[in-house]
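Let me begin by handing over the structure; questions about it come next.
A, B, C and D are the chain letters, set down in written order, and residue numbers restart from 1 in every chain.
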Amino acid sequence: MMTEIEHPLSKYLRKAMMPHIWCSGCGNGIILNCVVQAVDELQMDLDKLVVVSGIGCIGRAAGYINTNSFHTTHGRPIALATGVKLANPNLEVVVISGDGDLFAIGGNHFIHAARRNIGIKVICANNFNYGMTGGQQGPTTPLEALTTTTPYGNIEHPFNLVHLAAASGATYVARWTTLHVRRLTQSIKRLLQKEGFGFIEVVSPCPEIFGRRNKMKTGLEMMEWFRRSSVVENFSDPSKAEITPERIVVGEFVNIDKISYERLLHEKIAHINEEKTWR
Amino acid sequence: MSNTVKRKAILTGAHFMNGDFACAEGAIVAGCRFFAGYPITPATEIAERLAERMPEVGGIYIQMEDEIASIAAVIGASYAGLKAMTATSGPGFSLMQENIGLAVMTETPCVIVDVMRGGPSTGQPTLPGQQDVMQAKWGSHGDYEIIALSPSSVQEMFDLTVEAFNMSEIYRVPTILLADEVVGHMWEKVVIPSPENLKIVNRKRPNVSPEKYLPFMPDDNLVPPMACFGEGFAFHATGLTHDEHGYPQTQNSEVQERLVRRLCDKIRKSVDKIVKVEEVMLEDADVVVIAYGIVARAALSAVRKARAEGIKAGLLRPITLWPFPEKHVEKVARRAKKIVVAEMNCGQIVREVQRAAKETPVMFLPKLGEDPHTPMEIFEGIRRNNP
Amino acid sequence: MPERIWRKPLDSEKAKLPKAEIHIIRDQCKGCGYCIQYCPQKVLEESNDINARGVHPPRVVDESKCVLCSFCTSVCPDFAIFVIEKKECKENVKHG
Amino acid sequence: MVEGEKQKLEFSEEVRIGVYVCHCGLNIAGSVNCEEVAKFASTLPHVVLAKDYRYTCSDQGQAMIKSDIKEHKLNRVVVASCSPRLHEPTFRKVCEEAGLNKYLFEMANIREQCSWVHLYDREAATEKAKDLVKMAVAKAALLQPLEEIEVPILRKALVIGGGVAGIQAALDLADTGYEVYLVEREPSIGGMMARIDKTFPTMDCSICILAPKMSDVGHHPNIELLTNSEVIDVKGYIGNFHVKILKKPRYVTKDCSACGECAKVCPVTAPNEFDAGLAIRHAIYTPFAQAVPATYIIDTRLCLNKEGIIVCDKCIRACERQAINFDMTPETVEIDVGTIIVATGADVFDPSTLPNYGYGKYPNVITSLEFERLINAGGPSGGHLIRPSDKQIPKRVAFVQCVGSRSNRNERQYCSNVCCMNTIKDSLLIKEHWPETEIYVFYVDIRAYGKGFEDLYRRAREEGVKFIRGLPAEIIEDKKTRNLWLIGENTLQKELYKINVDMVILSVGLEPRKDSEIIQRLLTISRTQYGFFLEAHPKLRPVDAATGGIFFAGCAEAPKDIKDSVTQASAAAARAGILMAKGKIAVEAITPITFPEKCKACGLCTKVCPYNALTLRKELKRVEVIEAACGGCGTCAAECPFEALTQKHFTDEQILAQIDAVTEHEAHKKIVAFCCNWCAYAGADFAGVSRMQYPPDVRIIRTMCSGRVSPKFIERAFARGAAAVLVAGCHPGDCHYINANYQTQKRVERFWKRMEQLGLNKERLQLLWASAAEGERIASKIREMHEMIRKISLDEIERTKKAFGGG
């Protein structure tokens, strides 16, 4: 075992916080890995990067990345990030959070931030349930799935997150699984370079909490599900991209150019501050 | 003709405006450059005024999707280096409570204006109340200290807004301006002083290198110097119990003890520096009226009338409601025979008064709905309790 | 082109690839097995030893088969494995 | 005849038939008494004039017919000569020029199907010839003038195969101004020629002369190049083909600048097919430096990235222009073209199937193709001829000829045409670089027939290349030195040789593409017995396929060298150009005619039509014919139970009349055969051309497709006492009318059942599948049936007659 050499990405992590709290086979670590890889490839200035997260397993991600980070209350990372981004538009503000945090308790903030097209970048770890609280049903739990609060099978229809994001006006919408690490990393790079509100859903294994109740005892079994069912269909219709056991459509769904809220706002401020004289 | 001449940040001079506008001007004078809010009576005019004024001073105004988002954005903006504020009333104030707790835990300088109306629930949006006093202190879960100021004039809406910002910057604590509908909507003369006559305080910045910087390591006044995002001090903030590094310590009771105690002590140990009261004719007063906000103005004329009738009455007006001016009440209680408390609720600050007044009997004049107490009502209270 | 191809190409050695040096941070591994499962060259396998977290970290079966695609590095949720190019000079380094 | 008479009354004018019996020099007259046949013809009903003539197809012969038509008011013409597949167009033209509708002409095939196959039985041949003429006359009496409809010809061409032949054809057509789609299966065009070092006899650098043409293709505004693509479906007919092409993804976009950085970092390698496996390539690669398009390609079987999961992204990172896209998917391109040129080339023989030569076992035994890559400066050894075993330059080299050619061992009796000269060229190349090298060439015959070939051969001999007649029986390897012993007989000196060399080069032959049958099926064209594509006529239509609008170029048709391939390509382009220049073509008037009054709108015909050219109009109680779509197989006519439709020019009456003519005398000695125009009838012609001999019992009635053969024809034949009936068509899957011959099979099988039920010997009805190349198959079938009918008793014949309501 050679440990005298450091992991190439360790400089992006807060050593004091490592190892992370996530279970064996949890996809959050892979998402974190891809995010820092993307940051590394873009040679981003860590002082200009702010990572905001909410409550839930992935919420800890903010603390793990060695940059400006804020771990907010449940459901509010987007709202808080909005304040950060407007207060200092030069900061690259990334929200990393879970499906429950962003789309149940925080759903309203998501759609409004997308509508405003505020320049924050949202990366959602979709693990189909509330992991940290022990596996309750959530806004992305598949129909008939078993969770601690749907012991007889889930009867709620899950959100199709990419459809929701696209419909709300996001300028960049993509979905990958934690097995698509290369594409995810490149996708995150594109996301970070985009103006306006961007969103990536990462379908992520939660073997310990969700998987074992749904015939996928290990992370490998969940990853194999992703391998079997995922099809890359770039720019296909997000409304047809519901996640089913048979089919997980991944790819870039939206990548458009739209002027961001903060740019409009600061242009307006500049505009009304120049003396107007009338002929 | 050029009609849109840009206004300065500080409109030095005398103005005739309402309380909400004065509050907005106070914010701008104090250096607030970020406002996030959501329309609600009777605080809406603050948002309206700032929507117009912020751009003029290069500040940000944004209307969020709700009050939860508003306070969250305020915290974010403050961490990004701007003085930030939101304004609301009872229902919105309730929604903000969780994140006020976050602001306390992350020691975020920010100002929350609550222009109180009649509650509970939707209550009486257009009528005054003083029913959020206790919520201001205890509204969020967990143990903490906070600062709340109570203006009783349009001038004070201006002055105390500036003061609120100064306090929150000094102590890194969310500071609440507990106004009421009358003060908010009332039109009066306001004098905005010239810059040199204004005291503006800014948060203390770290004087160590980023490597040495511990974001939650307090100075001797128990308040940690504050770096902002994007300044090179990559640091972590969290609502979880955290150590001086800002790193979560969810299993460590010793850290919890240290953190929560400090959050309380940084206010408690500075009470004398924080607390402000107005004392009128207290030297020889047998009957001391204690009132705040708009009620204090009726109380003052009641005291004057009583003196004219030969009753030794006096007025103690807490300008700082939280931390509560306990020492001042004790002091007057020692020589006064009776204390009369008038507030627009079923008894909130009166409990604090009773606690501080010890044996001195405290008589309570509650008032609910429509208008504040009239001077006669309070005068009656004084007369009846004159020994 | 359908001719039968059976010879070792004459210039095979021309395609010499950089040698890989696989590093496994034993006690950081949580034993998910992703690196083992998804290595295209099947360079890794589960080891018998038990690390600080009570799991079997992977071990290198045949480092020479590694083509440095570094998928293991990217798919590891625990930052417990990475691959670097072997400096031909320091052949003496020992690894697991 | 009775039938015929009735029919005749329906046409107003009197039928006046002129019969011409051709001697064809001695080709016919050699074994048929033409005067007698002519005399006989003059006795037949409606025949107003019968002549025999030496060369009827000559100008004089044609002039004679024309003047007769005028002079004798002939309104039907019968020529008894060669196969209608050869000269029917000639004589039809004659009739037209004489103002006679060309459909009033009929032909009796007394050469391919009579004189040539009965060379030694003049009497029987003459009798048969009479019968054939009688049949023709009987049919002629019932012929009707017909108008042809014209179909437009799209001015676009498809060229399948991007070797030198395909390239030439595409360029010629494109330069003429036609839009061309060039489809190549490999990642680059260039084919075999791109892999060869030098060309004979001029010794110029192969790729140097090819590369410019390749890039011309790449840049030509009129050429759409589809590489890495395959034709997967072809529908339609001459002038109007609808083609589906599967364009397989390259995973590299057009943005590729071919800088090669990607290949440098690609961690996986494999032998490069282009270099015959002697050099490596990466999973992302370009087959060779001059490839067109230059765009790289990813071999997904090799690449580590599977199922949309990118495991290795080295190439993506290396590509500055971000031209790599793993999300490309196969797309199906649909095009419409008027003509198709098949230039699919040939494969090389795999010598490892000849264990005695040790290829695949002995490293220093290589093929001539491997030699080309070794001697090529751009090849794996940088142009150094080295032995694979030790990379040493050999001092003694042997070439072995005819490996996979001219051999009965592996059904490749044919000569591959190029190997002799290629070896001579190769030997000179060796001498040029390493003059000291001892070179032996073991051959059967050296064929240096072409321009400049003999000079090259002489030069080789002068340079000291030793030519030894007699292939080695075996090659043995010396385990230590890896040298090779060649052991065999020098058939000139009649002595054994045992020669030791450092390296052996097997001069491998060419063979048809392993997957030729796919193209064959898609285009419904035929192949020779060896599997190369069959031209419409070996002499007069050497680049046309039997199927209209389709042409051949290069080795797909037969092994040939570069020069011949290019020549043929230009010829094919010219032939296709002729069609497209016209822009329209008349379709033979052999489409169905319907008799609505008889139609019950049962829809059976619409079900069997391979072209969906019939639409059922239930409300009108009739079917409608889309003539342009009709292929003219006539299977609808065979299917209709109500005689509500028949095929023009092959009407029930006409065919029945032919049957009646055959069966008028000595029916019990005769075999009535129905042969489809494209395979069986052509096969019978081929038997004649090859002078295959078979008994004269058979009388062949030509239909366009065996699917035309209605059960009532067979009935009629038996009812009139025929000894046997043969129905012959294309092999299943090769049907010229897509699948009409499946109907043939159904009908014959049904008829067999009937015969069984009637207690008849069903052997008397035979079904044969034979390609145009399988003359022998047809000949032997006839021999077999000849034996069979001799055993049939007269009363069995009688029973059969009764069973089918005959007199």
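Here is the rule we use: a contact is a pair of C-beta atoms (placed from the backbone, for glycine too) under 8 Å apart; a residue touches a chain by one contact, two chains touch by 3 or more.
Given the structure is predicted, the values throughout are model-derived calculations rather than measurements.
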item	value
Most central chain, Cα average position	A
Leader among chain pairs (count of C-beta contacts)	A-B
Whole-Å gap separating chain A and chain C, where each centre is the average of the chain's CA atoms	30
Centroid spacing, where centroids are CA-atom means, of chain B and chain C in whole angstrom	62
Centre distance in Å when chain C and chain D are each reduced to the mean of their C-alpha atoms	55
Rounded Å distance, chain B centre to chain D centre (Cα mean)	98
Of all residues in chain B, the ones touching two or more other chains	none
Two or more partner chains touched - positions in chain C	38, 71
Where chain A touches two or more other chains at once, by residue number	179, 182
Touching pairs - complete list by chain label	A-B, A-C, A-D, C-D
Residues of chain A defined as touching chain D within the complex	179-180, 182-183, 186, 227, 230-232, 234, 250-251
Contact footprint of chain A on chain D as seen in their complex	307-311, 313, 316, 326-327
Chain A-facing residues of chain B, complex	1-2, 4-6, 33-34, 36, 55-56, 58, 60, 62, 64-66, 68-70, 72-82, 84, 98-99, 101-102, 106, 229-232, 234-240, 245, 247-248
For the chain A and chain B complex, residues of the former touching the latter	14, 16-17, 46-48, 50, 52, 60, 62-63, 66-73, 76, 79-88, 90-91, 108-109, 112, 265, 268-269, 272-273, 275-278
Chain D to chain C touching residues, read off their complex	186, 267-269, 271-280, 282, 304, 309, 311-314, 347-348, 350, 352, 360, 363, 367, 369, 380-381, 386, 388, 391, 513-514
